[in-house]
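What follows is a set of structures to go through.
Same chain, two partners: chain A is paired with chain B first, then with chain C.
Our next item is the complex of A and B:
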């Protein structure tokens, strides 16, 4: 059974000029322990999909959400706002693009860890929380965790903050981790290190992942399966190897050709918009 | 011909915890018409070098010569206008309260380029050169897409009729499809206007496809300088191999190359 089951998910925003449709019927499944990537350009609907899974967009008055989003057997859309809030930070968590700006600059890393751990265990003492946080930081290979717990985010490097974010996001052993362009704000080498770290951590914990990115190159070594999204439609999906070996959809091919190659084949001419991008979905079989 | 020469360029910041050597004794020449990539991780000194070339920061020691003239941080408007900057994030580098046309025009007014009556025409020509319609000039940056905004930043730099463009991570904030289009535009503009580029980035895959030569920096020091094809076939410094090894790759040929270079570490 899928941990996350999305069926015919539709999203529109009510505006003064009428409804603007953003998602046109998304189908997506994540099995327990599976690492999934959702790849597409800015404005394709990747981040709003994540925000619906987290139950955040449901709180936006202008959002019109239809379809099924089942998490661990429960329907997220029909839940109360309070129940959805209970899931966040415990059963599901998120890592954002820029680690330094998503941590609170006014509190030490230690205090922010306590807040996170108390979501699961409200009566946790400060001393116990520091012991747990030290272990967690140790697991993400942070040297001198005691110093980091006393530090404010701006006193740490971007790579260090990203490790802290990974440790926090996994602190309560969530079933699902959402990662929205993690590391895009970091250097290529630091990004590669943090992605390897994140992969090792989720494999160790058996966490399922929904990884959002615009760069197929970045997800290749991370994801088990890939969904390609364009203008609110899934256009192609399949196991990572199959998709890279044989990309079928015109949009997937354009996305793939746009990634600069270290073999130096030049910058490709990519079409602005093509009718072929709107061709029906292609599935490379079921890896579940 | 050498357009820009850095000679023993050094920048040291004094901090409460002691001096920080951001850039140490860097010497290199930039040839007219070439695209020189400056690569390295955060903190390697890339942006500090750019700021000294632009005259935003004064060097602690060493010399910058542009077109055989020595340039200090205190330079004339005439000298300043020939070196222009395109920054990483076009949303924060364009004034949100100004129309994009007014942003592009600012350089023309500051450097007093051309007759006042002809400046809006010049603005429209600059927008046209980067593939934006001239009538877009009344729009605010917020109403444009990321790729369009970066085109505006490029138009703003071009309008000043520069000889050297310092491109500081010009496509890092863009997604891959938009990045490809902006890189193609930059290639075309360099050929068409005879421009010289200093292209600062940490993305080695972009460098491979746009730069003629590559300068690799680590902790403020120049660790390797060479032709792009040489850097990617036989990098000398371990640090260069490490940087190439971190690039996400898509196809089998790239994977082979990356593995081959990694073995040399």
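Our next item is the complex of A and C:
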């Protein structure tokens, strides 16, 4: 059974001009320990999918969500807000685009670690949390963890903050890690380094990952399987190798020719918008 | 040296420069007001000889820079000269009238913060809903009239038509309280006289509210705006994504950073109250420094004018330093203005 099972997920936003549909029936599965990538251009519905999985978008009054989102056998959509909050930061966690602005400028890294660790272990003492955080920072190859724990995010480099984010995201040994365009704000070589680190860490922990990116090149090294999303529809999915070896859907091909490698910032220029992009979903199956 | 101490010294230095500037300015202005202060002081019956003698005593015949030099030396010795109006040392007048004004302004400042900030937090928390709109209306109402207009309105409503509060003065005449600090709320407590304390507070309430109203509106609107902006920051989404309690997010993740820009404005508002107090004191016959200031200006009482303005400027600067230190205390970016690790 898969850890995350999404079936026919639909999302619309209520606006003054009526309902705007954003997701048109997404199917997506992640097995335990599996690394999945969700790739598509900006505005295609990747972040909203992640926010539904986290149970955050359910609190937005204008959002209309339908379909099944099962996490570890429980239906996220039909849970109480309180139960959803219980899962966040413990069973699932997320890494955002820009590590430096995701960390709170008012608190030291050490304090923020304590807050995160207390999600799992509410009575954890400051001293114990410090010990745990030191070990965790050590695991992400941060030299002199004690100094970093005393520092504020704005005193650290982007790459260092990204390592801190990775350590925090995995601190409570979540079953699922969401990564929404992680490190896109960092420069290319730092981004590549931290992605390698993130892959090593999740493989070591057996964490399932939903990796969100607008860039097929970025996810090639990382993901076991890829879902390509276009305007709120999954247009193609399959094992990474199969998909790269034999991209079938017109939109996937366009994405591939647009950006063959890691880029720092910016959205890949998809050469043209074509009616072929709206062609039905192509699935490569699970194995090569 | 700690960043805190360095900041304090830096602000003190800046304040000193400002103070020198202010002293020159008020000195110049006091000399520009038309009319001969010596003649005014001595009255219409004085003869030319008496006037010449007083002019010499007041150094009025010397050049302006020399006059200013005398003024500075005297001030540094703690001598602000004699008020021509009360015939007492200006320092003594100020010691008598300043506490009344500070008592009023402190309470007004407290009301502004204690009411304005929670209103702003409430509006931000319920942004776009009826609570938000209600706060907006209240804020607009309070800033729509200046303090002295509110003073008149409140006095008519709650002291005249509905006699809930006393109409004027600091305390009921029946109490004879020894003036130790000059702050009646403190002196009555020192005397252990609870009913007198109650009377002093009772007298304070209406003028303090009148003085605080526009500040309440400003503080509420500003806090709301800052907090709404903070709620859009990625670290708030991150806190939500990690399942932190909404109340905790509101308190330490959204409010604390929003307080910093609010504090600057609240400090300015607080200082502005010193100025607004002039007219509020006039309305409520409040025997404070502001009323004294108006009286001495009308009488062209040079020493008293300069002393009053100087004291108000110093109070203003002290408030600003306190606000700056509070901001530095809250904001680690200022406390650690250098990049430590990388």
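FYI, the second predicted complex is superposed on the first by the 273 of 288 C-alpha atoms of A that agree within 3 Å, B and C clash if a C-alpha of one lies under 4 Å from a C-alpha of the other, contacts with A are read in each partner's own complex, and residues count from 1 in each chain.
Rule of thumb we're sticking to: contacts are C-beta pairs under 8 Å (C-beta built on N, C-alpha and C of every residue); 3 or more make two chains touch, one makes a residue touch a chain.
All values derive from a computational prediction rather than experimental measurement.
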**Message:** Touch test for A:217: chain B only (first), chain C only (second), both, or neither?
**Reply:** first
**Request:** Could you tell me if A:16 is touching chain B, chain C, both of them or neither one (first, second, both, neither)?
**Result:** neither
**Asked** Thinking of the overlay built on chain A, is A:189 touched by chain B (first), by chain C (second), by both, or by neither?
**Response** first
**Asked** Thinking of the overlay built on chain A, is A:157 touched by chain B (first), by chain C (second), by both, or by neither?
**Response** both
**Message:** With both complexes overlaid on chain A, does A:104 touch chain B (first), chain C (second), both or neither?
**Reply:** second
**Contacts of A:115 with chain B and chain C, given as first, second, both or neither** = second
**Message:** After the superposition on A, what does A:88 contact: first (chain B), second (chain C), both or neither?
**Reply:** second
**Request:** Kindly classify A:127 by the partners it touches after superposition: chain B alone (first), chain C alone (second), both, or neither?
**Result:** neither
**Fill in**
Note: overlapping chain A surface for chain B and chain C spans 157
**Asked** Within the complex, which stretch of chain A touches chain C?
**Response** 54, 56, 85-90, 93-94, 96-98, 101-106, 108, 115-116, 119, 144, 147-148, 151-152, 154-157, 160
**Message:** Considering only the defined contacts, which chain C positions touch chain A in the complex?
**Reply:** 233-235, 237-245, 252-253, 256-257, 330-333, 336, 339-342
**Request:** Could you please specify the touching residues of chain A with respect to chain B in the complex?
**Result:** 41-43, 157-158, 186-193, 214-218, 220-221, 244, 254-270, 272
**Asked** Which part of chain B faces chain A closely enough to touch in the complex?
**Response** 41-43, 145-146, 175-181, 183-184, 187, 202-206, 208-210, 228-229, 232, 242-251, 253-254, 257-258
